[in-house]
Amino acid sequence: MALERWILRFRSLVSLALILAVWQGVAMLELVPRKYFPPIPDIAAGFWSMLLSGELLAGDSLTLGRALVGIVGSSLIGIGLALLGEMVPAFRSAFRPIAAIVQPIPPAALVPMAIFMLGLGFKLYAFVIILVTIWPPYLNGAAALAAVGDVEVKTGRMLGLSERDILFRIKLPAAWPEIFAGIRYAATISLIAVVVAEMLAGRDGLGFMLIRKAFATRIPEVYALMFVCAFNGVVLNALINLLRWRITGWHMRMTERTP
Amino acid sequence: MKRLADKSFWNAVWLPVAILAVWQVLAMRAHTPLFPGPWQTLLAISKLYPQIVGQLGFTLSRAGIGFLIAAVLMVPLGILLGRLKLLGKVLEPAIDMLATLPPPAVVPIVMLFAGTGDAAKIVIIAYAAAVPLLMNTYEASRTVHPSANLVARALHLTKLEAMLHIDLPAALPMIATGVRLAVSSALLVAVTSEMLLATNGIGVFIQRQQENFQISGGLAGIAFISLAGLIINSIVFQFEKRWLFWHYRNANSKG
Amino acid sequence: METMLEARELAKSYGTGAGALKILDGISFSVKKGEFVSIVGPSGCGKTTLLMALAGLLKPDAGAVSFKGKVLTGPSAGIAVVFQDYSRSLFAWKSNLENVVFGMIRNTTLSKAEKRAKGRELLAAVGLDGFADHYPWQLSGGMQQRVAIARGLASESELLLLDEPLAAVDAQTRADMQDLLLELAERFQQTCILVTHDVDEAVYMADRVVVLTRRPTRVDHDIVVDLGDRRDQITTREDPRFLEIRHDVMAAIRRFRAETPLAEKA
Amino acid sequence: METMLEARELAKSYGTGAGALKILDGISFSVKKGEFVSIVGPSGCGKTTLLMALAGLLKPDAGAVSFKGKVLTGPSAGIAVVFQDYSRSLFAWKSNLENVVFGMIRNTTLSKAEKRAKGRELLAAVGLDGFADHYPWQLSGGMQQRVAIARGLASESELLLLDEPLAAVDAQTRADMQDLLLELAERFQQTCILVTHDVDEAVYMADRVVVLTRRPTRVDHDIVVDLGDRRDQITTREDPRFLEIRHDVMAAIRRFRAETPLAEKA
Amino acid sequence: RAENTKLRFAYLLADSMLPIMAAKKAGDYEKAGIDLELTEVQGGPAVVAAIASGEADIGYAAPVPPINARINGINVKMVLALAHEVDPDKKFSWLVATKASGITKLADVKGKKVAFNANGGLCELTWRDHLLAAGIPFEEVQPVILPFPQQEAALEQGSIDAACTVNPFYSSVIGNKAIDATVIAQGIIADEKEPVINDVVFAGDDYLAANRETLKTFAAVTDKARRAMLADRAKEEAAAVEFLGLTPETAKNFHLPIVRPEMTISAADVQKLLDSMHKTGMLPEPVQADDMVDNLAQ
């Protein structure tokens, strides 16, 4: 029991240790030359040098900040679209094919056109990130809103709520747990999208650093940056879990009560 | 003709038409080959479609294989992690970490082990499709209602049976959304990986068009990817209507 | 006395074509202001369906419901429902108190604090003072059902529709709750329609008992309960007239029961 | 007769620290093979909690349950449960027949076709022949409850735990179902534990009635029902001994009830 | 000096950018009255897009993107040449093959996997031109698009057989014993008796017409910076470490790809590339370079 709690408290570190161990194991097998797949100590050294020079913290805070803005923006848009679709069924059936069409478009393929429309700055980032990030909250939200039980909805009608109130006070709370599953996935792809956007047209951030380090064939540092990307996922998800606990704590307690 | 009178047909069509119209107007005002409108794209399609269809075949087959591998591995894994709650919770951050790696950074690593051929691309596609499938399946099976779990235990189902008979069906609706996300993610990464490790495929086609500033040609390629996405999506939708009616019963029987 | 609610030839089927299941087959009755009407009928005969139609939550295939003289086209202010499926009709994301307070959402005269105070009072009245800040899924079935009743009462609607509201509580609590309901209905001059499987309860609570047939469902009997306005758990239940009416209702149920025993056809 | 189930000093609290709620406070009793025991007690006293512990679905904080001489550490073969929360315990993605057949999942002697035939029989026995291919959410509350009972019966377990299984069915169906349960229990020599709020039902069905106190809950009375093995809806219920026992149980409930009326403290 | 002119410059990271980056850091442009704003993008087409959309005033890339842009109706003109190569030893792009592939000369690459960094770029031209010179149709090799940084690993792992590479990757590949690379050709095109342009600066026609003086100032400052860097080897290496992120060891092998210290660009220079592109099938029609060039450095 105590061990279990201890493990759970430090599960991020446990996970990290696990990944590092697997990496180190593969590196020690020397399936590929050490130079291209360096062992953890080499990567740690690269990490350390970037940390000392200050570039890592500067770059990562930019990337994390952008990802956070991206996730907030696209969650709001995604959930907004799902709500709109629930309110106006004609919109939902019109938007469904649009979503299917836009979803698989690789943002990189749109960049020249996007640069033309949006320039090289913030708007380009926002476009790339939002284009790939709104779908998980939207799709999970739309599905969950459509599946809210009819007793709950009838209860709302009985209380004289307007359709709008039913949407916001009954369907939305009931759908939050599923929406958060979408937000969680959106967080990971938001991080990816930010890094890719920084690679495509950036002057700073992790993606830019990745390109630079790859250009300079500083392989351990490239991998160190990748581990930083990975750890960003944990950081962002920890933040989201805080919010999630606030909004859907009831659901987590209800479903985690092991009978 | 009957279709035109059908309201649901118009419901599905008005928004796309409106968007195309706005796009055309913007393109006409911009007046540069870098910003073609739907009309130019249509012209490019009519000129290039034999080439596009050929290249799209490569892309779709890779995306399809990658997606299938991901589905076969990740749905069971997600259900397993949802049921073995401690394991699931411990590995959650690991999943988050692996999920956050950008494909352009993963490609070089995969290339080390799998070369530059189809195998490498399929691995990357499977990897990208795995994330939404795993996350949605895991979340859904982790949060199966306690009452259903009680029944499972009272019938003393084995863990395997509980996963098969309870977690899986209960998670199916969320798996279906996971599939939508995974399909698009597979297509997207298929194209991206072709741009990075290119030999053939629609990604290469699009990139070639771009390098030559044939943006409308690139858009023609994109249009075909989108079309593929649209078709796959409507298949998923049919599947949902057929197999998940019990979940969306309220939408079907509006009181 | 003026008519509060009137159902005219309500009909409703589920499904279409060959698989269609005819549930309500022309149900008519009316309820006067301040009246307390019980509805009894076999399991699956359509009582819940009927109640939903009376509340404007379900559009009948034919016929109409008028509430205070106006034909209902949808849910209307002044009607509150306590649902049979209590565990789903309580919101899992709200505490019990919040659930009850939510029942007052259309009430604009009370302040937020007043609503909470009233919510607490109601929870206390149904015997749940200690559980205001618990969540519904932390309660036993009977306790959940009482929260649902408290929410139904909170709105102080003119018409209260109760769908087997006491099915999950023990005999003693049930008796207490019955008296509570009667007292509040009296105090606020509420009109009540109660669906119940307990014939004693149906008679004890009501001014009239409507007995439904089995599917396709019609009104079989409409029995007046002339036991006066004051009821008492001991004396009323021992009243020979009570036993007589109870016997009549039982006989009515038994009669069509005998025609088709347990096995039903869809 | 050998002992089928024995509960020794079961204790259980929900929550921890200051907010902890003590539910079971040392419950002991035992059930012999073939016996039919009813459990009655106030709403929220912990009957469902107790039943879960008896089924091995809930680990008590203290004390132990032994089933056929062995201490239970988890759910065990040979025990079937019909849950109070019937609407959620049926699987929405399975038809009613599939739900019932699912109750036989541990049965390896019957073929798939035989299981389906038996499932249909059971559905017919609970009066739902026409609804085998419907889904649970297309049924009324009482019908769902009967599907849940059919699933519980399908496993033919030695020990059947029933948590208010008839709360949502009408009086007549209830009587029929009672006789059905008694008949099957007799036929398959099942041991049954029935939680119910209906004191008449508790006495009519049981060889013994266990009366629980309110929270923190202990066994208040353990009353033997010496009415013989053959029960009949008319003659048994008119038997003076039946009325006497019924009175005793009522009195037991009333007594601790009087001490603290409806309002409870958490 | 109160009002400096703003000059927005989009570039992709490459060796001949170093002097500009160093001068920018030293504040030379500001001193000359230009507020230079550098924006790094990935790939030549993005540089063109930045100029065409008005997001940047001038850009830096290899000559192929501006050529393609002009052909496709995007009006940009090349104004400065920042890098050249010439026979025999001033070469800055190489075709290398691994020992394991068994390739020892150009003719052996038939049927093999050959890598270049991007479609339609200088490296594609390099492969096409050399293959044509060796009499091998381009269709007979298997092209693989692979960014420069990943080529060395791919060569060593045997995923590709040969690659078109540039510095600093070239020195690293050559130094790699496991690859044991053979240089099978050098130079962008086979015939480099006269210098061939490697990297250019280009601007939109309209901007060029209106801001010629600003651009001239820019050219002058850049010219000074190039000469200063060429004159001081230590400075050159330091800049490679600082701006390209090279390790000091790799920087030792680093040389600016400068053949002609002046930055003049002529239509004839570009025409040579155009002819080669046409000859090798990258351009379907013959194209004249006349209106693609506007020499600022004169």
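Going by the order they are written in, the chains are A, B, C, D and E; count residues from 1 in each one.
Note that a residue touches a chain if its C-beta (ideal position, glycine included) is under 8 Å from a C-beta of that chain, and two chains touch if they have at least 3 such contacts.
All values derive from a computational prediction rather than experimental measurement.
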Intersection of the contact lists for subunit A and subunit E: B
Most distant chain from subunit C, judged by the mean position of its C-alpha atoms: E
Of B-E and A-C, whichever chain pair has more C-beta contact pairs: B-E
Superposition of subunit C upon subunit D: rotation angle, C-alpha, nearest 5 degrees: 180
Inter-centroid spacing, subunit E versus subunit D (mean Cα positions, whole Å): 83
Between subunit A and subunit D, centroid-to-centroid distance (C-alpha), Å: 48
Centre-of-Cα separation between subunit D and subunit C, whole angstrom: 26
Intercentroid distance (Cα basis), subunit B paired with subunit A, Å: 16
Set of subunit A residues in contact with two or more other chains: 32, 36, 112-113, 116-117, 149, 154, 199, 214, 251, 254, 259
Contacts with two or more other chains, residues of subunit E listed in rising order: 45, 48-49, 52-53, 147, 149-150, 153, 157
Multi-chain contact sites of subunit D, meaning residues that touch two or more partners: 52, 57, 85, 88
Of all residues in subunit E, those that touch subunit B in their complex: 44-45, 48-49, 52-53, 65, 68-69, 72-74, 113, 115, 118-121, 142-147, 149-150, 153-154, 157-160
Residue ranges of subunit B touching subunit E (in the complex, touch as defined): 32-34, 107-108, 111-112, 115-117, 195-199, 204, 207-208, 210-214
Footprint of subunit A on subunit E - complex, ascending: 10, 13, 38-42, 45-46, 48-50, 52-53, 55-56, 147-150, 152-153, 156-157, 168-169, 172, 178, 244-247, 250
Subunit B - residues contacting subunit A, complex: 8, 11-16, 19, 30, 32, 34-35, 85-86, 89-94, 96-105, 108-109, 112-113, 131-132, 135-136, 139-140, 142-146, 149-150, 153, 173-174, 176-177, 180-181, 183-185, 187-188, 191-192, 195, 203, 206-207, 210, 213, 215, 218-219, 221-222, 225-230, 232-234, 237, 247-251, 255
Touch list for subunit C against partner subunit A, complex: 52, 55, 57, 74-77, 79-81, 83, 85, 88-89, 91-93, 102-103, 105-106, 135, 137, 155
